[in-house]
Every structure is written in C-alpha cells, then in structure tokens.
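Each chain gets a letter, A, B, C and D, in the order it is written, and its residues are counted from 1.
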Amino acid sequence: MTIGANTSAGIPRRLRLGMVGGGQGAFIGAVHRIAARIDDAYELVAGALSSDPERARISGAELGLAPERAYTSYEGMARAESRRPDGIDAVAIVTPNHMHFPIAKTFLEAGIHVICDKPLTSTLEDALALQQIAEGSGKLFVLTHNYTGYPMIRQARAMIAEGAIGKVRVVQAEYLQGWLATRVEDTGSKQAGWRTDPAKSGAGGCIGDIGTHAFNLAGFVTGLEVETLSADLSTFVEGRRVDDHIQILLRYAGGAKGTLVASQVAIGSENGLKLRIYGETGGLEWVQEEPNQLWYTPLGEAKRLLTRGGAGAGPAANRVTRVPFGHPEGYLEGFANIYVEAARAIRAFDAGTALDPDVAYPTIADGVAGMRFIDAAIRSAQADGRWTPLVGIGG
Amino acid sequence: MTIGANTSAGIPRRLRLGMVGGGQGAFIGAVHRIAARIDDAYELVAGALSSDPERARISGAELGLAPERAYTSYEGMARAESRRPDGIDAVAIVTPNHMHFPIAKTFLEAGIHVICDKPLTSTLEDALALQQIAEGSGKLFVLTHNYTGYPMIRQARAMIAEGAIGKVRVVQAEYLQGWLATRVEDTGSKQAGWRTDPAKSGAGGCIGDIGTHAFNLAGFVTGLEVETLSADLSTFVEGRRVDDHIQILLRYAGGAKGTLVASQVAIGSENGLKLRIYGETGGLEWVQEEPNQLWYTPLGEAKRLLTRGGAGAGPAANRVTRVPFGHPEGYLEGFANIYVEAARAIRAFDAGTALDPDVAYPTIADGVAGMRFIDAAIRSAQADGRWTPLVGIGG
Amino acid sequence: MTIGANTSAGIPRRLRLGMVGGGQGAFIGAVHRIAARIDDAYELVAGALSSDPERARISGAELGLAPERAYTSYEGMARAESRRPDGIDAVAIVTPNHMHFPIAKTFLEAGIHVICDKPLTSTLEDALALQQIAEGSGKLFVLTHNYTGYPMIRQARAMIAEGAIGKVRVVQAEYLQGWLATRVEDTGSKQAGWRTDPAKSGAGGCIGDIGTHAFNLAGFVTGLEVETLSADLSTFVEGRRVDDHIQILLRYAGGAKGTLVASQVAIGSENGLKLRIYGETGGLEWVQEEPNQLWYTPLGEAKRLLTRGGAGAGPAANRVTRVPFGHPEGYLEGFANIYVEAARAIRAFDAGTALDPDVAYPTIADGVAGMRFIDAAIRSAQADGRWTPLVGIGG
Amino acid sequence: MTIGANTSAGIPRRLRLGMVGGGQGAFIGAVHRIAARIDDAYELVAGALSSDPERARISGAELGLAPERAYTSYEGMARAESRRPDGIDAVAIVTPNHMHFPIAKTFLEAGIHVICDKPLTSTLEDALALQQIAEGSGKLFVLTHNYTGYPMIRQARAMIAEGAIGKVRVVQAEYLQGWLATRVEDTGSKQAGWRTDPAKSGAGGCIGDIGTHAFNLAGFVTGLEVETLSADLSTFVEGRRVDDHIQILLRYAGGAKGTLVASQVAIGSENGLKLRIYGETGGLEWVQEEPNQLWYTPLGEAKRLLTRGGAGAGPAANRVTRVPFGHPEGYLEGFANIYVEAARAIRAFDAGTALDPDVAYPTIADGVAGMRFIDAAIRSAQADGRWTPLVGIGG
C-alpha cells in the first residue's frame, strides 16, 4: 500500500497561490487555504480578500501576506501579479457565484491558472463564455467539486471503469441538508444570505449550491452523461426567492436511469451527500459523512466493506491517501486532493511535460455541464416536469 | 411501559381461520400462518391450499386440518364453511394477485371476513368492483400491508398526527431489492415466476409487488394523500415482461412533495424499505431492516434514536409490542400485528361492540388507493412522465 | 436456500406442553409461549401458572387451558399429568431461579421432559444434584439459553468449526444493559424485584441474569472451554444486594484469552449482547440487537457482511430460518428455534430414532457449566481476582 | 457556532519548528508535519531527519529546509539552533520510543520547547528522569496523545466535568487493531519492525503502542485516575518478543471500575479506539473511526447523537473545530488540534501572558502516567494478575 503518496507532494518548489474572496468570516476561503496547505504544495502569497480596503488589509495581515500583495481589487491583483517575476502561479476564486465569471476571465486573460469554486457561474451564458475564454487562454481551469477528491470516490470510479459492477443501470444521487429549514437568511448569516439571493447565487438555490455537487459526483464516478431530466423544484420556506428542495428524474446516455434529490430543509440531515449505483453485476454505495468506506456487493455474494487504505482499496484510491486505514481522512483531505491534483497538473503544464494519466480533477467542462444541469432543471420545472435535454445556448 | 399488550390477545376464544393458497413451497402462506399464530388469536381450521387435489390433501394434513376441511376449490370451501356451525370466521387469501378478486368476492358473498394479501387485485377495475362488493357485504376486509404493523411505524404515525415535526414538506419513500437483477424467473423460482408474469401479477411488476408497499406506508404514516405523480418505469432485465425498477415524483394534497423509488435490480439491497419524512419543525427516518428504531430530529436539536419499548416510545407503539427494548421484534411480529388488529376488529364487529379507536389496519380503501397508484403510474409513464392524478375508472 | 425450514416443523402431531410459572405479569412466560407457538410444534395444555389458586385459574382460562389442567401446585401437576394418557410431553419451567431445582426434579422424576429457563439453579450444589437426577431420569433437559437459537449464531459456530477463522485467539463477550441503573427494585417492578433478591436469583445478580448468557454463547460459538477466570464484581446501586456490573478475564483451554463484561448500569444500553472472536486467520463479530447480521473478515481481505438468508449464509443458519433475507427475524424467532430443536429432539427420543446431528440446544451440562462460571467468578472476586478454575463441588 | 476557530490560529507569526526523525518512509513524521501545517501556526525550518547524512540531506531538501539546517545529528541541531537568532521555537520528536529520552533531554537543556510522540520513553526510569529535567528546564513539554484533540472528545470531557452523566461508575476503553495478526515484522515493514523490537519500543508492545493511547484518553475524558490494575498480557504471534494483545481490569480512585482491552491481532479491526463511559445519570460512547459523533444517553431518555458542529456540541468542542457539521474532520485535524493548542501555550509562555484556561494538551505528567500504566501492567501480568498500584520508582 502506497500510503502517504500525497504527503510528498510538496517537492520541487511550492506553487505561489493568490486568492480572491475569502476574507474574514468567509467559510469556504478558509477551507481552500487549509486544502492548499495540507500537502505543502502551495504558498499563499497574494490576495484580493475583500473589496473593503481596511478589511482587505487586515485579512491579508492575518494570513501573513506582504502588505503590497494584499490587494483591494482583483483587477489590480491580476495586473500586478502577472508582472511580478515572483507572481502567483494560480488564483483561487472563492467569492459568491455571480463574481466567478469576471474574476476568472480577468486572471485567465492575465495568464494565470484558475482554481474556482463551484458552481462555475451564475448563468449558463456566462459559463459558455468562460469556457471559450478558458480554452483560448492556454491556462488550466480547475473547478473545486471537492467531493471528487475523496479516495473511496476514486475507488468507486476505478471499479466501475474496470467493470466491477457491469453496465450501470441505476444511479441514485442525493444530497440532504437541513440547515435552511427556516429563514436563516433573515438572521444575519452571511452563508445563508448570498446563497438565497438570486443576484449572487444565480437562478438556482439548492440546485446550484448542492445539487450540482451531486450531479457532478454521479458523473465523475459512473462516467455516464445525463441526456434528459424531469425536474420538480420547490421552495418550502416562505418568502425565500430560490429553490430549497429539488427532486429530479434522470435518463443517462446508454439507458441508465437515475434520481437526484437535494434538499436544504431535510431536518436532521447535516451534509448527506450519498451515491448508490447499481449495475448488471454489482452494486456500490457511498456516503459522504463516512467517506472512508465504500460498500460493494458483487452479484450473488455477500456485501463487502471496502475501506480507505484497506485490503479492498486499489491504486486509484491509494494515490490520494495519506494515513493508514482506520485513521479517518475527512472533508479537508478530500478537498486537499483537488489542490494536489491541480498542483500536479500545473507543474506538468508549466514544465511542458506529460501529465500522469491518473491525475483527475474537475475542469471547466464539468462546470459547463453543471450549469447545463441547472438550466435544464429550471426549464423542465417551468414546463411542469417535461423531459428536457441538457443543452442550452448553442449547446 | 405496557409491554406485552399483544401477548394477551388470545383471550375469549380463538377465531377460526381458513386459508386460500399457501400450499407447499408458498412463502407468503407460511408467513400468514405464523403471523396468525404468534398471539394465539386464530386457529387455522380450513384451507383450499392448492387446486391440485393431492397437494391440497397433503398440505392440509401437514397443517393439521381435518381432512374434510382441506378443500380443493375455494368455491367449495366458501360454500361448506358458511354452512358449518363452526365455520371459519375469516379467510386469508394468499394467492397470486390475479386470484384475489374472485376469491375475495366469493367469501365476502358467503358472509366471511376477508384478510387479503396485497396488492388488492391485478387491475383497477377489479379493485373498484371488489370495493363495492366489500362495502355491500357487511363484512370486514383487511389488506395485509404488513409494514404498517411495525411498532415504530405506529410511533412515527402518532408523532406526525400530534405535530412532532409540524406540517410535512417532504416524503422520501424507497424500497430497494436486488434479487431480480437477473432472469431468476427462468430458474424455476415460483416466487419470481408469478411476480414477473403480467397475467398473474397484473400490469405492474416491481410497482405492484413492492412499490405499493412503499406508497401505502408513506400514506399510513403521514396521513397525506398523493394528488398527482410523474413516473418513469423501467425494465432492466432483458426479456422481462413487467417493470423491475420505478422512480416516481409525488405531489401531495396540501403541498408536500415526495419521491418513491422501488427496485428489484439494486444489487446489494435485500429488503430496503425506507421512509424519510421532513416537516417544518422536525424530521423522521425509519428503515425496515432495523425496524425497532426510529430516528427523530426536532428542529435545532440533536438527533434522537427512539427504540421500540424505549424511553421515546409512546402508547401507539407500545400497544403493539411484545418484548422489552433491545430484544428485537421483526418482520413476523409486525405482520402478526395486522392479524391481531384484525382479530380485534372482527371480534368487535361480530359482537356489535365499539371498536377501540386505536386499532388500525389497512382496508380495501387502501387497496383501491394502491391500485390507483399503480394505474396512475403506468399511465404517467406511458405519457412520458406527465403529471397524472390518482383517479381512474369512475374515480 | 432452504428458507422456511422451521415453518414446517409442525408436522406429525403437536407436542403437549405444560408450563410452571408464567402467570399474569410474567414477562418470560409469555415469551416461552410465543416461542413454542411460532412453528406450531407445541400445544399448551396444562399449567401451574401461579401458586395463588385464583390467579392460577384466571391465567389458565386466559390461555385456554381446560379448567382441570390449570393446577395450583407443580407437584400436583406432575402427578396428574404423568398419569393422563394425553399427559404433557414436556414442561416449561419459567419461575424465578431458586425454584428451578425442585420443579425440574419433580417433573424429571415423573418421567416428563424439561425445558427450563436459565440460569439452571440458584446454587452450584443444586445444579450438580439436578444433573445427576436428569442423567438418571432418561429424560431430556433443555435449557433456554435462547441466544444460541439465532441463525447467524449458528452460522458463526459452523464457520469456526470449519476453520474459517483458524485457531481462536481472542474472545470478547459483553452484555450491557442499563435498566437497573437506579433502584428499580424499589418501584414495584416484579422483574427487578426477584432478580435483585439473592433468595430468589441466587448469589449472582447481573452475572446470573445476563453474564451466564454471554458465557454460554461464547462457548457455544467457539466450542472452547474456559479453564480459569479472574473476576471483579461490583454493585454500583446503593443498597442493592447482588452484583450489577461484572468484568472478568478468561483463559480458555488451548490458549485463547477472553474478556466478559456484563452490566445492568450501562445507561444507554438496551440489551447489548455482543460477541467478537478473533482467530489466526479471521475475525467474526455479532451483535444481538442486529441479529440478522454477522461480520466476517478473512485475513488480508475486506470485511464482509453476512446476512441471515443471504449469499454468505450456510446450511447451519438456513435450517433455523423462516423468512428471506432483509425480512428481519428477531428475539422471538431465535427463542422459537430452541423450542423447535427441542421438539425435534423429543420426537426422536420418544420414537427411539436417531437424532439429526445438526440439531443443537443447550443442555443441563451447559447449565452446570454456567453455574460453575458463576461460582468461580464469585470465589475469584472474593479472593481479589485470583485466577480461579471453573470447577466446584466434586467438579 | 464559532466554527472555524482554529483556522485563524496562524496569526502573529508562525512558530519555527524543527523535527528529529521523520525522514523518508516514516509514517508518523509526515503526520506531524501535516498536523503542524493545517492551521498555519508553524513553519518547519530545521530537522535531524535521519542519522544517515545522505538521507538527512535528501529528506531536508524534499521538505524545503535550508541545507545548513538539515542536520545529521540531533545534538548538533540542538546546539546550532539554540544559537541562531532565528532558531527553532520547538522541536517535534518522532523517532522510535527509545530515542525520546536523550533527544528530549538535549533540546530541553538547549532551551527549546519539546513536542514529543508517545509513549514518553521506553522505560519508567527514563520517564521519571525526563520529568525532572523538563520541570527544571522552564520549557514546555507536549506529548502527542493526539486522540485528545478530537472535538467530540473535548465535548465528552466537558460534559463529564459539568456533570452530564453524574458520578462515573464504569469506563470501557478498547483499542483493537488487526494489522499485526501475522509476523509482519518479518516482511520488511519498518512500522512493524521497531514496534516489535523491545530495544526500540520498550518492554511493552501493544500496550505501549496503543494501550497507552486508550489509557490516556480514558483519563483525559473522565478526569479519573487509575489506582490499581490487574493485567493479562499475551503474545499470540509465535516468535514475537513483545505483547500483541492485552486485557486489563482497572480500579479508579473514587470507586469507578474499568476495562482496557487493546489488541493488534483482532482481524477485521482497523484502528478501533473506543470509549464508553457510564455514570449515575447518563452514558457516553465514542468511536475513533467515526470521530465526529458522540452518543449521549441521559437517564430515562432516548439516546442522542451529538455531532461535531451540531446542535448538541458546546464551546469545548467548537473551539477546536474548523468546518461545519456533516463535513467530517478526521485524524489529521484531531492531531492538528494538539499542535494548535501547543502553539497557543508556547506563545503565551514565551510572551509571559496568561494562558487561555480552555487550552488542553497532554503533558509530561501524562507521559509519566502512561509509563506507570505500562510498568504496573507488566508487573501485574508477571504476578499472574495481582492488583498492582500505578506507582513505580519513587512514585
């Protein structure tokens, strides 16, 4: 077992990382910073952490940035960093959704690799435009659908690719939370505030925030593409302006069927992302809250509990694992794996060398697919659940 | 705690029970007999166990029936038993679905109470006709949607009725099995054979066999009625003539949304009936394979594990429980609770006394609702998932 | 899979069963009656249900006994039944522990098979004397260590016998309850009352009530004998006259080591009987509260979840199973398996035919071993934990 | 909820950290480095990573150390670093056990704070001597009993301190692993090699490697001290020179009883550290492999599932948590909490300011207690389980 693979990721030199967003009180910014730090492959050296000059300065100081690299605008940061000989290699974008597009565009055009939080943008139009820009930029675009970084998700993906469960028939993806069961957005919660504001989150609420994670993960693991969907989107909390519960039927290319249910009003659920996949010769089940486990049932045999680092784990899982079985790795390690994979890709790219074919991370294409999913779901729901293909503007 | 309530059900005198179907090799017949026996409220005294005279005779002898009450036709049995002074009080019908109608009709018309396996019939027409017959017969009709007999299902139902989770928003019902993932019907399995034969099971396969259980249970627990549904029915096993995987979106009267997924091709699933219900002020979760547990989360509080007979169980659960907490009751005890409830109803009915208002069991109305569910789902699926109301012939 | 084996146990004729103890309000009497009834192998026809004539009469009527067979003394019952041509085949003894000896002696001497609740007696002297009587009587003696009846316990036993985990190294038996964490015996609880009264339960409290179950089960599954033990017995509830928490180190013949912990003050535990067994080439884990599951890990492989009736279950489990996988069997079915096995043994014995070698049930030898265990533990505890062999008077 | 508390630990300036041991292939060295990095409170600047000059150089380069600070001897490192104006603030000692003493002594005497892996030393004599040195040095000594860093362990500790379960009666600590069930030490495994070599690990094998963790954790959570113990130590794998399975009875000051079982031959166990604590008015249960959960049962109420960051978590847990409920934190985050707490203590100490009273970490006193535990257990086992007090040389 090649445990510890990722812990030696920190070699040659650390990549220089900048960050836009993620100042004081921002949850996901702190997560990205820890994720970047865990394997020592990055050094945070610059940031436009806040548009408020004073907060930007204080946040920068807290994070140990040199004062001149604690910018107050992302445009200024892109300009200045692109000119420095020791300028950032990559920027992490951790703002509300509606800002992803202009920021990513700016950095890509400044010749800087982008690591961007999900969903890709707040509209499908923006997503398609950004895809063009990214593809034309000659730079890498990494989307932090972080759940794809979990070792046992890699394991499941490899098993399906190798035929361990045969042709996939059924995909059940669900993502249940309960934290928005009341009007939390009225209590001053920054997290709840922008997520329920269509101007910042985009037209989708629950579907954009967590539904896209479930959609992406199901695709990552199965390798299947959704062709059409039939959606019912609901808003249960009175006065809320975006959906807070979604239930969607899926039809995959090749004949598989699926369901995707995501909720923010499922009281008692914390972060219940769950994937169940049934094929012609086996089944797989995985739950995010116990991420070190993967249940595998071969047809006609007893169910097996595969564990990260354990007897049933293979190379796809082991290459992104750090500590032995029974020592749980969690959300931050899974997130860190996206950063490690990104570092591998950036180094190979910048060095002009071949990328290890095992390296995997979500790209802008995944981001566009996610936006097509949101778009199709909203259109289907507006048409009372009509089966709607996942295409869109020019798609 | 009034543990042991059901164990004293055997008083006044045992009811005399007959059975149609359930001869050698029939799984559900044996289940009904054990269920009837557990609380000593019934005595099996007559049967039309098989249409083959020799098998009928042998099966009767094995079950200790008097030779003259081991009938070879249900018509003959109904006729003879209705004339005996010690004739049966009730008949249990445990044949394939398509025979429920004529048999139930015959016994009701002979003035004998009916305890019938589910689904009610093989067509909605039959169901509606039978409902009329039953209502005109002045006899009781008990449908063995046995999962409603589990004590913690009773607990959940009582909690929702008492407002423990507030107004229900979301219902997630699922019933996953994997035993029909291959062409088991070609291997000589009697169980698989009739279930996949539309002539015997009706137009629905998975939906009739297990989908109706999930549908019924969700309704029993929430007290809500499905108004419309959007269904996608699939047949994954090549050559199979009925559906083996269904996924359905539900809209309830009053605004709740739901999903119902049932599968017979979910390899690794055994008998995965599961119910999750989320309301405005709490959530409930129950899994058939751990039936003595009920998870309850009040809004803003820690999740609680309520157990049968335990501190969190109330009178609705305790009145159908036999042994103390930690001593698991299972499928047969849950099934037996239907028989005990039926016995209570039959005794009160026959004595002309008031029925204890806590007694609950599925009736022919539930059976008709289940047939409307099947009917609507098939029509919706044929119309590519159009939202379809749960009505039907004359409904 | 030969599911349903036990459901056809009711053939030739039902055995005639009597019961001593188990009148109104007695938990374990009702359990024995249901267990005897489930597979239709017995018919309850006589009882000395209470020493109070009025209660005996009413209890008998409630259970449908003929008035003349509702006895007021067990001596009278033994005498009368042994003379009737249709006298009982076997008697079930469900009184407090201290009465097991005189009652069993009386019925054995009257030529009636005995099915007796555990522990065998209240003293080791009584146990040894009873063993002599039983062995001289030419009658069967079945001790209802009911947990040995669970199918997955049979599975574990067969696997160990077949070498699935190699030579056993470690046995961890525990039995945690919390219901006696306070002075329940002062609240009028009949169950708590006699269990904490040394005159009725014997010198051991927790050790006799549940410790012996754990001891017996570990021996049944592993086939190993405890040679010596080192015990620490505690009484945590002030004023209680018997132990309510025990922790014991075990040394088995052949070199295995073990621990046995039983408690009645472990708040949050319901009926937590658990067995973990580790051998040279594998491990097994079983928990009474999820009795349909058995965890099996072969050396160097992933853990497997074996389920009753499932792919990993073998003939030893299947022959005592009734319903398919996923339909949980519980405490009462496990208990019923002891009664079915007893019926098989009694029939073979009375018919003078060979007994199916797969039939297994706890005997008086197990009862004596259990009393030696209690005796050795009490002596060890009195000697401050000295390693004490499991022998005793003449042993 | 003050989620994210630890993520802002990186302020004023990073502490300068050195490391002894932990070169290529060393598992625990990498763990310490990640733990130190997660919250950005440390910067690794020096190391004596290997006694082999070439390996020391390469390992240093890989970790980004300046060449002149990649030392080949710990003595040289202590000397040089203590003279540098930018010398290390603290050293992490991650060598096999027998080297802890001389290395810790050297750095303490050089005026450098010590963060040392457990167990403290390989003999009790060394431990006592080191305690004197540490106490005389005026420097801090942090022992990485990392499991004390888990938030829900902090929660359990706070709850017990606040009386949530009343006076503690029973402590059940267990730590089951299976990875040494065969002679892994003969396969070239570095991890297995030194752990089973008494010259490197000390007289205790399993007891020192994992038994001390369980011992320490039980003490940390309950606040109770073990007075005497009765131990049975076993070596199951033929030819192994240290124990690989231990079972110990404990008696605590104040009257609580306990068991401690640790094993390295429990096949199917990965890293099964588990704690169950029962008091007069409640019970708590925690399992390391699901570290974000804590089960709590108040007397007479339903069991509750407390989760990290969830409704039931209090300030003691929240101050060492980073991400919201449902986003699992794991082993590395728990380990990192020890490093964060150490950083808080070092900063306060070096600044001469008062230490936040909530800061908690294992100290050299805990290390000495652990060595007394090992020493007493070995002496008890040698005296055939005699109850043996936890004192020792001069104790």
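Assume a contact is a pair of C-beta atoms (placed from the backbone, for glycine too) under 8 Å apart; a residue touches a chain by one contact, two chains touch by 3 or more.
It should be emphasised that the depicted structure is a prediction, and the values quoted were computed from it without experimental measurement.
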Minimal step count in the chain contact network, chain B to chain D: 1
A-C or A-D - the one linked by more C-beta pairs in contact: A-D
Inter-chain centre distance, chain C versus chain D - centres from mean C-alpha coordinates, in Å: 43
Chain centre separation in whole Å, for chain D relative to chain A (CA means): 34
For chain A paired with chain C, centre-to-centre distance based on mean C-alpha positions, whole Å: 55
Chain A residues counted as touching two or more neighbouring chains: 269, 296, 303, 307, 310
Residues of chain C that touch chain D when the two form their complex: 165, 169-170, 172, 178, 181-182, 230, 232, 234, 236, 245, 247, 249, 251, 257-259, 261, 263, 265-269, 276, 278-285, 295-299, 303, 384-387
Touching residues on chain B, where the partner in the complex is chain D: 296, 300-307, 310-312
Complex contacts: residues of chain C adjacent to chain B: 3-4, 7-8, 10-11, 13-14, 27, 30-31, 33-34, 37-40, 62-64, 177, 179, 269-272, 288-292, 307, 310, 322-333
